[in-house]
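Structures incoming, each one as structure tokens.
Below, chain A partners chain B and then partners chain C, in two separate complexes.
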Partner chain A sequence: MASKGLCQERNNTENEESEIVPDFEPGASLESMLVTTDSFEELEQEMDSSFDERQMKESTTSTISEIQEELHDTTIPEDSSSDQDDKLIENDEVEEVASQLSETSLTSNEEGNTAATPVGSLPEEEYWQNPEWKERKKHVFILSAAGKPIYSRYGSEDKLVTIFGVMQALVSFVQTNQDTIRSIHAGNSKFVFLIKGPIILVSVSRTTESVSQLVLQLTYVYNQIVSVLTSSQLTRIYEQRRNYDLRRLLAGAERLIDHLLNFMEREPAFLLGAVKCLPLTPSVRDSITQTIVQTCGKIKNLVFGILLAKNQLITLVRMKKYFIHPADLHLIFNLVNSSESFKAAESWTPICLPKFDSSGFLHGHVSYLSDDCQACLLLLTVDRDVFFTLSEAKQKIVEKLRRGNCLEAINESVNRASYTASQVGVPEMRHFLYKCRSTAQFWSPALEPPYHVTEESERLLGLYQALHHRLHAASRPLKLLHQQLEKETMLGWVTSGFELYITFEPLVTKHSAINAVNKLLRWIKKEEDRLFILNAPTF
Partner chain B sequence: MADVQQHQVRRVVTRPSWSTQQQPQANGSPAVSAVRRDSTSTPVRQPLRPVETCDLTCKVMLLGDSGVGKTCLLVRFRDGLFLSGNFISTVGIDFRNKVVTVDQSKVKLQIWDTAGQERFRSVTHAYYRDAHALLLLYDVTNKTSFDNIRAWLGEIREYAQDDVVIMLLGNKADCGSERVVRKEDGERLAREYNVAFMETSAKTGLNVELTFMAVARELKSRKSGNSDESKFNVQDYVREQSQRGSCPPCNT
Partner chain C sequence: MTSKSEINLQNFYVYNSAFGQSDGEEDKKILFYYPPKTDFDTQMKNVGLSEAIVKFTDTFSSDQLCEALHTQKSRQLYYQAEGGFWMVMTVGIPFVTKVKDGTEYFEYQSDDVQDNVYLAVLRQSYQMFRLFKGSFTSILSNSRGDVIHLKHKLDHFFSRYLLTLKLNHSDILDIFQGIQFLPLDKQTFLHVQCFVNLIEATFAQVKYTAFLYNDQLVWSGLEPEDMQVVYRYLVTSLLPAHLETELQGGSMPRHPSSPFLSSHYGRFVTGPANLQDASGGTGKVPKVYVNNDATPEIYHLVVYRALSATVCLFIEGSLHLNLDLFKRLDIFLGPQLTTLVSEVAEQCGRQAAGINANSLDPSPKFVYFNKLNLAQKSTVHLDSRRTGNVAVTPEVLRLLADINADKARMSTTGETILKTMTDYWVVGKVSNLREFYVVIHQKNANLIEINDEVKRLSDSQLKSIFFHD
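After this line comes the complex of A and B, so read on.
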């Protein structure tokens, strides 16, 4: 704050943007490995197009089968086998049952009930009157269109059947008028609904997040389910049995959803629809990338090679023509983060990337580089029979990286304390988020006091969410916003090249804030080749 | 469509092709102690290194419901550790290798640890056919996991090789008070399906070495082919070995 005066001394022109060269976009790159559609625009589209339309579109353009077709004459979509494999679904029999069930869709008479594990000891009536349960800031519920409980963030969904019943009733009541329920606002609480084909997702929140942000989170949760099952399996199951208890197939995946929900409450990446990279000197990053390209270049059908550490991307190599969506990458981060088992052995894991191709699985070779380097390597392919090829490739990659001292460099960057806002040389700036729109990458410094405690860091994310919402509000989008709040001053600026969200000391004026922005942008420009991946390597 | 896929899989996978390097080792040592020596010399995590020449490579697959202790059993065998505390759920299939010595020859066990959850079923089915041995686990404290064994055996019959070695294991045998499946029930089921049976404990190590050694022995004797129909019988071997009192040699 003492330095505030200093900044004000420098005279500023009234027109803030004129100070900066129009094309100034730190971190920008002509090529990007990530799909860069702004997630909010996309969200709007997604909200409008119905699930059925999406399905139609997807089934005609399955990316995975496209890749497979390039190499084989006859390609069988991944899931056709599970039709047969899945013991549950024996067609004739099930169709019969399904037709019976569809008439009495609310009576549950299937064996799925046995999977229901009674957890907790409170009787049903008391459960949702439990104050601790009621105090939760954000509940998330998932149910089937037939009203069957699938997931509750807190408490056992079995004990909440009555609540699920109410949710289903609300949804279908509005549906009878050919309309769709989106949200209910009651006091501080928002009840947000997202209907995705056979699945209903509900968020009950007392946070400051906007409806569209809550919808985005529910979309992520839905995508997480698709990532585990594929949309084709999901559709097929409910076509065959409206009354299916999805918990059978999601067993073990609740963990992923739990983790994802917590992850979204800490990570600005979801809000920004962008990915953060591990800072590395460009030569080191290039040599890591080249090692992967050279080792895996000859392996057919390999779609993506992804190396990540500590929720940050080290490098991403892709098959020509194909890109990865940040939202898919977030699900990969979530999977790696929430699966302890990857640390202990090489895994061969089916992964569906909903934005890439929601209809089928990619097969992922997942392993950590070595005991002394906790970076996780994922090699994603459309070919289910190449585990050993990829396993060998991974060994070679590790050996080469070790020889080239890249493992050390990764460790060093992982262990080094991240840059702090004060290192930028703008004393009145506490924290910022910078997103480069052309590459869908973002960067933010380490959280310093007062934001180093969970409570405050969550509050800070809340402030960014509010700022983000104001700037991106569909009815009245803004380019620049300067807010003087009780405990801090926030500045948000959206251009065609970047989005910038800054937290200042509370008494910072607009002028000194703009001054700081210029300094900050110059600093990011100076550091851009360490903080961002500026190329888009392919196999 | 699905049929075509089946054929494809069948064409692509290597049939149980035993690697043919025959290099009899000079100094013989009893199998069990050899294993123990091995397990201490193997680093905790050593993925597919270029392995020293082995006489035989066999693919062993661990199957069974989620939470019956497949990963724990394997980690106990490979690293001599018990994973207590957090439940680490396998995602897809995990691969681990271990070389054991059977009658002076080295057998590389390539162990595929599968996720028990239903959603991975269609993925793991594709690998059944490659497996030479299947260890099918249930949890003696969980009746459902035992009841599901019949369904598992049905799937095995459908997807695995006809001559695959199957061993039924009742894990968590140390949990005396919580036990709900009697040993006799397991034995009866195993007899019905004509598969070998044992109760194991990843926690105490009971019968863990024996399980894997019996598999290695069986596969080796099959490979050498000298015992065709009157082959080394894994069921007899298991019965014999596990009858030796409460099995001190098996405890590591």
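After this line comes the complex of A and C, so read on.
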């Protein structure tokens, strides 16, 4: 059906590959552990509508309290005040959380955080007078609605007071006309504004990314803050003190934001709203999953068990009825990635997953499997007092996995050089991204020359971003986009089942491109049970 | 779906911050503001915001000028027309009313307003002003720096010009602002050229001449950059208005009192309506400023038309135009032009037999533009009046401008082929300074068939033009 446009080949004689069947979608699965709504489209809608979303949010109940209530219903049905108790606990928790974050989950040099990333050595002048600072490819600023600096990607906020002041003024001026500022354009520079409740986020970018892509990144940054504080806490702070200096609570979280921003500039996962899995033979993955299910199945209140390595998902076990949004999973990846301390010892960390429930914390037992296996296990629960239960469970999981030779298998996959595009056997194809829409998972081969150097790999991601932007434009979405550019030919194809983005040699013929697509889809189909998680296990 | 609101002009202003430096004189920096009834506070506030935006972007990218401000409900375009002189145009984003959970809300279609298209509209407005009034700086220096004079001219021009903006029918052609040329065989073309040379030789005061057949340019002695502005004025404004008055006037004989002169169909579009009646004077002849970037020159623009042929005469601006000159021009131009136009018409008739533009016609539609000579050709547009008479959907038309916006990433050559959700195929090819866009509505085609179709089309329509494949 949808595939006709590209792949229908009438004269099969000259093309030995047979026709791709309409509903062919490698990696598809009837069940998914991930929420598959396209975060991108969701966002566009949100931006363009005058609908007041806050009214909606208030009416929906908190997912966390829902889980807690459900469990209380079955165990101690008479206790109805638990919800309120939690709110109280949450209050006390915030300062504690903040300190915990800076102590446990982050790398050692948190003391010098604000002064850690200055641009050269500057005298007392503000940075905007400094050409080197100005020419940064992408600045990100966060400030409160009252104009109080919260974060600057480059340079100390204290030396940017003027700029923060101007940004706040622009936002509030446009607001006085019952309107919302979104972006300013000057040549290839874009100034993108995102106003999220009491917080203003601004991106100043010289990249080729579109406004909606930059907004998506700012939304991630906002979610990162929510992940540390919860949205209810954030709202409450500013309700009580409009002029609050949020940096006091976010000390330490700045590194998470720094890391997230760098992460987003390398990883196509954010753009695609999807997660990449660590390739494993299905039997190994199943036995890892079963080990976690069996060991933790009896533990009440456990919502998610997540095992990941090298930014790739190994398995995810979830509580029945509950799903995780890829955007939340990306924040978890970022947390694990930017926190060296998890490697040293098992940790007990409060985590708010904004898409899951932005109003409260989950509690996470985070640890690496062992010294000889660098996969990270997260056990997320709504119960704040089960550290030791989970710690014990983790030990059991590791033992079982070791006995089953699963640690070895994970290590082998982590250390094995990833597939390259050339292994697929299409000489004109340099690289590709394949996203299965029904499971929100994607796969891409390793970067080969010319994309092995940072500059070129960033340029490649830029090409994918541009392709993605046009294909997913809110008001003019496309099925297919083929672009012959200076250094490569790009092909993007969106069907109901999958999204495919391919980078070809610049002079590839359309005929070879179509054959390549057919061959690639067949290859992915053949490899699908290794490259994707095709089931959605529950406790 | 409920109906969509239109793209409307919210405000339009020209300011120069250098004029309001001292305290209490801030109002001086606003040179023009539309709508004129806006209270002064609002004017100052909006201009203040623009100044802040320009300054803010300058902080980060001093090498690139501010071009646009996007808000949820409006789009503001920025153009620094001359050093320090900023022109700002704000248009409202169209919206549709939707209902969610019983609450009515607006959904703004921000992608309907494309920056590259509306920036072009803003730039055109400046070019048109400059054509009729001269550059801002030259007006200022002519009045020894007195801003009042400039303000007056801005007001005089824009208060009418802005009402003629066709914001809902602006598209990729506004970006090109190209000229449709009429291809003629050598013989006919030489006859036209000969005629033009003869005019300029006979009337020394005629500095340049341009010759049009319907909406197509056959010959122009003007610099292309000036001709594209004059061309747009003629095709979208002067000639349609003229045709309308003619239609309303019925088949009134040209020169009722003079049977000897009725052997031709010539008459002045700008100039005296009646050559026999001296009381009518010489009519209104606009003055135009050309060659503004180098040494500005001023000319009277006399436009003369016979049947479908139009001759534009650029006459020395310093001369005083009198009825006698018009009479001599009429006697000279009338009969010759009447003969020439039938020759051109015959040629065109032969050409047109092959092409039949029709909105229901499923054949591929295309837009072609060559930046070198500003030549433009479109079968997507069914006429050159820019009133939305197009053969494709508005979404598809916007896709052309989308592709054009991505052109910057394509270097000198490149190609984009895309397929929409409604099975339109749109192809954009860029080769050196030429651009070629094709729209094909064919549900069951594939990439290769579309590619072949485009090849066929460019072979048949643009024979001599080479595209890299």
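Everything below uses one rule, namely that the second predicted complex is superposed on the first by the 453 of 539 C-alpha atoms of A that agree within 3 Å, B and C clash if a C-alpha of one lies under 4 Å from a C-alpha of the other, contacts with A are read in each partner's own complex, and residues count from 1 in each chain.
To be clear about the criterion, a contact is a pair of C-beta atoms (placed from the backbone, for glycine too) under 8 Å apart; a residue touches a chain by one contact, two chains touch by 3 or more.
From a predicted model like this one, the values you see are computed outputs, not experimental measurements.
When the two structures are aligned on the shared chain, A:K320 is found in touch with neither chain B nor chain C.
For chain A, the partner that touches more of its residues is C, with chain B and chain C as the two candidates. In the overlay built on the shared chain, the residue A:D371 is in contact with chain B alone; chain C does not reach it. Of the two partner chains, chain C is the only one touched by A:D179; chain B is not. Look at A:S475: by the touch rule set out above, it reaches chain C but stays clear of chain B. Contacts of A:F387 after superposition on the shared chain: chain B is touched, whereas chain C is not. According to the touch criterion, chain A has no shared surface contacted by chain B in one complex and chain C in the other. Partner chain B is touched in their complex by these residues of chain A: 74, 76, 80-88, 114, 228-229, 248-253, 255, 335, 339-342, 344-350, 361, 364, 366-367, 371, 384-385, 387-388, 391-392, 394-395.
Per the touch definition, chain B reaches chain A in the complex via residues 1-2, 4-6, 8, 12-13, 44-45, 47-49, 66, 71, 75, 86, 88-96, 113, 115, 117-123, 125-126, 144, 151, 155. The part of chain A that touches chain C in the complex is made up of residues 4-9, 45, 47-52, 55-56, 128, 134, 139, 163, 166-167, 169-170, 173-174, 178-189, 191, 204, 206, 208, 211, 466, 470, 473-486, 510-511, 513-514. Against chain A, in their complex, chain C makes its touches with residues 45, 49, 52-53, 55-57, 59-74, 95, 98, 100-101, 103, 105-112, 115, 395, 398-399, 402, 406, 409-411, 413-421, 423, 444-448, 451.
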